[in-house]
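Pasting the structures here.
In what follows, subunit A forms one complex with subunit B and a second complex with subunit C.
Showing the complex of A and B:
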């Protein structure tokens, strides 16, 4: 029974965030992300990865993160701003990814506003490098969704405490 | 006429730049409220509209809005909030503090252009 309630709640939150990813990318960049079923759909194109993350302060504290390779980040920033992909510098990619997670969480916050899952936004931050893993302590419940954008993959992760 | 874009995201300021270019307006930029006050000190006579984010490091959007509405020279400059904050209470706070329009992110460039024109009394 408890597990069922947990699954329902996660599905509810997951749907809010999935819709937010779609809304933000389609509105700001004119891109149509396609959700991929299954887990561990991290992009394997190599190169540098960028994660934009934000702590969500609510009844349950959580961390939301969006991870993608730098080519996918460059594509999104290019479509958002009109600058040519090859002209997007590192700062543009970090700033664009931070703003992306900010808007996705803002959109999800609005969708969850009247529920028990309501949360406050904090400042987004960036993690970047060639090979890294974000580890959480035990008893963290993770929710992961991946989206295909062009040839790349964007992975949304929610770690709920 | 110039638009002053106050947002800690350079990507958002670039999007606003695109809209300003379409409308053939100049653009001034600031990454937070204090930087925006510094820009206004030199340029306030040329600024026809401020597009203002809410959550920024240092002086945030609401503090900046209150500061300019209390200033003799800047009080008449119209301000539109452009932010991820979508709570009714925040919208009311901003409008009470003097914002004439409130737009939540995400937005399309067409929507941004339309809202800018509305703020300037040139839209529908």
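Showing the complex of A and C:
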């Protein structure tokens, strides 16, 4: 029963974040992300990965992150700003990813404002490199959703503590 | 006469995005500031017709900067942009006499419609 309630709650939050990803990318970049079913759909095109993350403080503490490869980040930045993909520099990609996670979390926050899952947000931060994982010290419950954007994949992860 | 607009935001991506939208629609971006303090300084120097102001920025945030600008020129036109649609922040912005509060994400239509209401 308790597990069912937890799953329902996670589904509720997950839906708010999925909708936020879709709304932000379609409004700001004119892209139409397609949600992929199943887990661990990380993009496997090699190269550098960029993660934009924010801490959510509410009834539960969570971390929301968006991870994608640099080519996918460049595509999104290009569609948002008109910069040619090959001319987007690292600074553009980091700033674009930070703005993206900021807007997704802000949108989800607004959607959950009148529910028990209301949360406050910290400033976004970026993690980048060739091969890294984010580990959580405490026992957490993870919710992961992946979206296909062009040839790349964007993965949204919510780690609830 | 072309309307001159000042953009105050710590994100270069948002500057690029707004600049593209504004210039494509016949407005001139007369200045770019990356924090509230720079925004207030540039406002004094450039005397723009309108300011796009982010809220969360280093050194000086958008609410403080808007307050300073409104002190310099009470009739200044300011559109606040933020991903955080907190009622409390929106209420503070309203108290400062902010004309329009836009939540991110935004599209060209939302931006141009907001400007058309003010200038």
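What we mean here is this: the second predicted complex is superposed on the first by the 160 of 161 C-alpha atoms of A that agree within 3 Å, B and C clash if a C-alpha of one lies under 4 Å from a C-alpha of the other, contacts with A are read in each partner's own complex, and residues count from 1 in each chain.
Heads up, the rule we're going with is that a residue touches a chain if its C-beta (ideal position, glycine included) is under 8 Å from a C-beta of that chain, and two chains touch if they have at least 3 such contacts.
A quick note: this is a predicted structure, and the numbers were derived from the prediction, not measured.
Novice: Putting subunit B and subunit C on the same copy of subunit A, do they fit or clash?
Specialist: Subunit B/subunit C on subunit A - steric clash.
Novice: A:81 in the overlay: touching subunit B, subunit C, both, or neither? Say first, second, both or neither.
Specialist: Touch partners of A:81: subunit B and subunit C.
Novice: Identify the partner contact of A:27: answer first if only subunit B is touched, second if only subunit C is, both if each is, neither if none is.
Specialist: After superposing on A, A:27 lies in contact with both subunit B and subunit C.
Novice: Does subunit B (first) or subunit C (second) touch A:130, or do both, or does neither?
Specialist: Neither: A:130 stays clear of subunit B and subunit C.
Novice: Kindly classify A:114 by the partners it touches after superposition: subunit B alone (first), subunit C alone (second), both, or neither?
Specialist: neither
Novice: Touch check for A:91: first (subunit B), second (subunit C), both, or neither?
Specialist: both
Novice: Who does A:106 touch here: subunit B (first), subunit C (second), both, or neither?
Specialist: Both partners, subunit B and subunit C.
Novice: Mind sorting out which residues of subunit A both subunit B and subunit C touch, each in its own complex?
Specialist: 23-24, 27-28, 77, 80-83, 91-92, 95-96, 98-99, 102-103, 105-107, 109-110, 113, 121, 123
Novice: Touching subunit B in the complex: which residues of subunit A?
Specialist: My answer: residues 23-24, 27-28, 77, 80-83, 91-92, 95-96, 98-99, 102-103, 105-107, 109-110, 113, 121, 123.
Novice: Which residues of subunit A touch subunit C in their complex?
Specialist: 23-24, 27-28, 77, 80-83, 91-92, 95-96, 98-99, 102-103, 105-107, 109-110, 113, 121, 123
Novice: Subunit A touches which residues of subunit C in the complex?
Specialist: 11-14, 16-17, 20, 56, 82-85, 103-107
Novice: Contact residues on subunit B for subunit A in the complex?
Specialist: Residue list for subunit B touching subunit A: 9-12, 14-15, 18, 55, 57, 84-87, 104-108.
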